[in-house]
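Alright, structures below, take your time with them.
Each of the two complexes below includes subunit A, the first together with subunit B, the second together with subunit C.
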Partner chain A sequence: MRDQSTSAGVPSRRWAEFFVLPLARFLAASSLRAVLLLLVISLIVFGLNRLIPGDPALDLAGENATPEVIDAIRRELGLDRPWTLQYGTWLGDILTGDLGQSIMYNVPVVDLIIQRLPPTASLALVAILLAVTFGLIGGVAAAHWRGQWPDRVITAISTVGIATPHFWVGLILILTFSIHFNLFPASGYKPLSDGIGPWLRSLLLPGIALSFALGAELQRQTRSSIADVLTQDYIRTARAQGLSRAHVLWVRALRNGSGPVLTVIGFQIGILIGGSIVMEKVFGIPGLGTLTIEAVFAKDLPVIQGVVLVNAAFVVVINMLTDLSYRLLNPKVRLQ
Partner chain B sequence: MQPRLKKPLPAALVLALMLANPAGAQGNADVPTIRVGVMQIEPTWDPSRTIGALTMPLMKLVYDSLTVIGPDGTVVPQLATGWTSDDAGQSFVFTLREDVTFTNGDTFDAEDVRASLDYYVNTPTSTIGALLGNIAEIIVEGPHQVRFVQRVPDVTLPAVFTDRAGMMLSADVIASGDFAVPVGSGPYVLVAEQPGVSQEFEANPDHWNPDNVGAGRIIALRYEDPVARANGLRSGDLDMTVVSANQIAEVMTTSGIQTYQIRGRQLRGLTLNPNVYEPLRDERVRRALDLSINRVGQAQGILLGEGEAASQYVLSTSPYFAPDVEPIPYDLDQARALLAEAGHADGLSFTMTSPPRYRREAEALQADWAQIGVTVDLIFPAGAGNARAIWYDQTVPVGIWAIDGRNDLGIFYRALFAPDAAFNPSRQAPEDLIALITEANTRVNEDERRAVFAEIAQLVTTQTQIQIPMSFEYQIVAYGGRLTNVTPWQGGFPYLHGVGVSN
Partner chain C sequence: MTPSIPGPDRTGAPARTPRNRWVRFARRLAGQPLAVIAGSALLVIVGVLIAAPWIAPYRPDATNLMAVLRPPGTPGHLLGTDELGRDILSRVLVGGRISLLAALQGTGIALLIGVPLGLVSGYFGGWADKIIMFFNDALMSFPAMLLAMAIAGILTPNLTNAMIAIGIITAPRAVRLVRASALSIREETYIEAARAIGASQLSILTRHVIPNILPPLLVFAMILAGTVMLMEAGLSFLGFGVQAPQSSWGAMLGSSLGYAARAPWLATFPGLCIALTVLMLNLFGDGLRDAIGKKVRT
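== the complex of A and B ==
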């Protein structure tokens, strides 16, 4: 009789050896790198803040400021202490989840970020969904009909998307769909708590504008990647086995060609967060981008540091997830 | 087998329903609501921490002040019913309203006045203490009567109280030190806010003047971008906002939108600092710079007619404007001659700072002065960098400013020219000018005061001082057809007292 425990144990050990352990090692190393990276970023941001001209105490002292009032405000904010001490205190507070107090608004930075994150995250989410939808469908379609008229039309749309500044697209959308047809709001943000309809209505136009370039970039990358995969022998074999054209295209080809596409998505998400600053301005959306600009002009150091750190952490996590998805999708990378 | 999209119809229906529901865009339709787009929202409800007069109108929805600027620009009573001075401005007796309660239930009386002003003056970080620096003593003469004794006679005290320094707080709130939720006696009550983003107010049912309460709810939304503000108004997301001169034609194409101008609040000018650049100590050099400013060109070319050239420190429509005083001419030949006479026939070279939003004015000045051989390097510091460079660090010899026209010409002159004024970095203060300003601020009789202001106008337009006026920029308020009873108030934006809304 065959030893069941042995036969069951071999795949388990192989699973652990070839999948779980490398993955755990990868996650541990990535996390350590991320923490070190964030530490370096925090130090750089703190240093760069010193170079921003201006004085928050002077801003707060207002238009009738006297030197005595400015000094009193500076003392109250702790700005008269050595910068090393300020940085050390700030770093210590971060470990307890405290990003400090906003100089400008006199409220905890964490509260401000929590208030301003949903509009930015929502805008980014809508933009990514739209971009990925257009990018993947357009890219696969263009690869499938490579050199034919659908390919040319889709590529032309993508070229326009890459070449057009998204703030201009935003303004055109406002003029057309908000002012002329009065279908969507021209400005402002509705939280999800107001209902999914108002939330989506407030985000659709800025989302389309923001997704324009990303969608075009994704479409080009997907087309190139899928076109390359479609020439491979295993695709021909799959077709010869009688699999449907759609299955080969959307499952076999897309899965094997998704690596470079994922890289672009991961890379572009960071850019998207930066790009959302302009969209927030154009559409009057009170997000993290707007908060960052306000904080820079007011030299609100705790807010600048907090927002940059949160953004950096976000990008680091996205990069980790991108690397992770490589490993899950591609066994060769998993084994390296 | 071809893959198919499953259940496309239900998905499309859900999407359509999501997009079709406009309820959230209008808020609660039962309560008449005004949505106003503002450039700035004050981050504090403690008046002693406010940074400027720009955000005061929103604060005044919640806080009443002793006096206010009336629709025509004059000082009128609010929580005070009147005031008298029987010693030529040395002291003032203010009589207070007796029917006012704060939103915490406290009754407003003279003790609240004393507590408020003590708090503004004695808080070390107070940004408005300097406005009250001339008050030596506050005497409560009765439950609704207060006497203010001043260090030197000054008739501008009622005008001082139209600013933040006149906002009245409850003595109990001051004692508690908690300003997170404002307690005032104004026509509206703050019900929600998101720092730097929005403030939501509801009508105060106990306000002493129901005529001030026109809407059930007011939502103030911060839109820094002028294009976003104009688009918000045109699409109906906003009921009222401020637009730029070059946006008027565009917004007026939308049916129902109307506008009015707020004149005379924003004077643009220059500060010259001889301590930084020695040639500016010579009046002939200052005069040459003054004579080569094309003020009319700025008003027409940059402000597009939504402003006016300024030779005096008040608008031509103000009762304190001196019509007999000639405006400062634009005379390049005389300017060149003066420079040569002062020993600078080869020209001058210096740095000028300007807020980024006045880049066009700065470049126009650069071009004007280039015609008389003066080379100017421009810098545009962000945030408070401009104020710091001109007035505090004194790193530049010349800087452009835009200062709120203040509530009274005497206060404005003092802020610009007094030897201890924040806006006078060089501390250069001609005795004759200071004497005239002091005299104007001690004249109780309006005709006599006007005559002194005319003398000052003559002096500052014929002898160029360390401050140079250039132009008044009008603020253009645009509002939609839903609003009723809109008053073209000259005291600032937004003025929503008594403004109603029809659904």
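== the complex of A and C ==
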């Protein structure tokens, strides 16, 4: 009995020592780091206030306002207080979920962001799925036929994909598939509630255009990673065991060589968000990108600050999750 | 069986490796056909764009309402005309000059900010390193295009402000690269030797660290110039960069949006020019990286 309890106890103690404790330490450290990063990010976003040329109170009061009126507006906006106090109040509001009131729409910024989020999230999702499909298939195929013509063709497509402005690709897709062949709508967004078909049809062209750069980067990373895996002994052993070439390539090699995929998506998410802004303009999608363009033209600072802050916070969280997943999936890093 | 003798020398003497590292570098670069083609193409592109005001057949803002939206191949208008009858070829040439200048401006600002901060961070380390890298990571968390648009838009939208915004947003990448290079160089034996003979920090930085950072920085600058060109095109496309009557390739794409169905050539040529230039910058950058040698490459 004693032996049994000992043998049962050792693995669980090891599990705690080698997995749970390091993971808890990592989570605590990365959470603290994320909070500090978010503080610095909030400081930079707050600093956007200071970039506005001139005096906001003067702009709001109009040309013929008396100094008393201007002073009153300045007091009302809190502009007469030191910037540290202004920042403290602004940060306090944000922590309670209040991102301020939009000047152009006169509604809370949070409501606007929630309302415009679904088209942007849908576009990003479609783009990521397309990029992962091309990246994995292209990467594995290029690694398998390394140095031969399929590798050269796929690598050339990726090299061109990275250099091509995605909004131009979007325009070319509209010209070809919407105007010439009349297969897809040239602009607009259909919500998922209208059915998955119309939703996907409205997002396929912008999704393809947006997935270009991410797909190309994923393909490059996957190619390099799979090419490395294919030289390993366990792949040779798998082949020697009589497993089919397709099984070795698409199951064994891909499972071990797809590590960079999550990391690349994590680190490219900021680029994808930036890209979706321009893509929404090309395809007339009423998402966060369109909202930001409208807000910047109208100098609607609360909306600009809200959108920038929410996106940066999202990138921080995604990067943290990427680090965490990399740690969980990779035993070497996990045990460090 | 005699061992094979490297090099083209048939007299039996081993081929000599040139002492000058720039000659070695040039030879390695010349051994890469793709990089040579890309470098030559870049030279041609830059030469044509510099000469644009003299070789453009028309003034880029000269309108002709009798010849609007003419297709490519129209006599006198090789690439056609736009909605105001302006010659597309002239606008592509002169607009490309602005795109190129913008890429240089944005890359220059990023390097001006990033190189000193990266040097301080990597070479001196300590608290300065921690603080700089923390702010750097914070800045890198922003979606670059979004923050550039916010900065350029809140300031008055024009090309200079757009390039300042892009320079600030891309500077963290330069900080990272220079820091990593400085970190590895400061551990080298010749730096220790320089310290041992009493060389000042400034002298070590200017005579040893900076010259050794230059090769990877050159590669980085090439690839960054391509990224900056794409970002400028995006900002100008949205209306936050170049303002009329000036035009860049991105701005030309932006103004083509309303005429996509009637005049597809308005979008085709500026887009092709951006893609081709960025592709050449990337290919030449890749070639430079390979020619610099294994040590820097890794």
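Just so we're on the same page, the second predicted complex is superposed on the first by the 283 of 336 C-alpha atoms of A that agree within 3 Å, B and C clash if a C-alpha of one lies under 4 Å from a C-alpha of the other, contacts with A are read in each partner's own complex, and residues count from 1 in each chain.
By our rule, a residue touches a chain if its C-beta (ideal position, glycine included) is under 8 Å from a C-beta of that chain, and two chains touch if they have at least 3 such contacts.
Quantities reported herein were computed from a predicted structural model and do not represent experimental measurements.
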Touched partner set for A:250, first subunit B, second subunit C, both or neither: first
Which superposed partner A:319 touches (first subunit B, second subunit C, both, neither): second
Partner, of subunit C and subunit B, that touches more residues belonging to subunit A: B
First (subunit B), second (subunit C), both or neither touched by A:58: first
First (subunit B), second (subunit C), both or neither touched by A:179: both
Touched partner set for A:112, first subunit B, second subunit C, both or neither: first
Subunit B versus subunit C as contact partner of A:76, first or second or both or neither: first
Contacts of A:194 with subunit B and subunit C, given as first, second, both or neither: first
Partner chain in contact with A:286 - subunit B first, subunit C second, else both or neither: first
Touched partner set for A:66, first subunit B, second subunit C, both or neither: first
Intersection of the subunit A residues that touch subunit B with those that touch subunit C: 53, 171, 174-175, 179, 186, 281-282, 296-297, 299
Subunit B residues within the subunit A interface of the complex: 1-3, 17-25, 37, 43-44, 49-53, 124-131, 194-198, 221-225, 227-229, 231-232, 234-238, 254, 381-385, 387-388, 392, 403-404, 415, 422
Of all residues in subunit A, those that touch subunit C in their complex: 36-37, 40-41, 44, 48, 51-53, 159-160, 162-165, 167-168, 171-172, 174-175, 179, 186, 270-271, 273-275, 277-278, 281-282, 292-293, 296-297, 299, 301, 304, 307-308, 311-312, 315-316, 319
Touching residues (chain side subunit A, partner subunit B) in the complex: 53-55, 58-70, 72-73, 76, 102, 104-107, 112, 115-116, 171, 174-175, 178-179, 182, 185-188, 190, 194-202, 204, 244-247, 250, 281-284, 286, 290-291, 294, 296-299
Subunit C residues within the subunit A interface of the complex: 134-135, 137-147, 149-151, 153-156, 226, 230, 233-234, 237-240, 250, 253, 256-257, 260-261, 264, 267-268, 270-271, 274-275, 278-279, 281-283
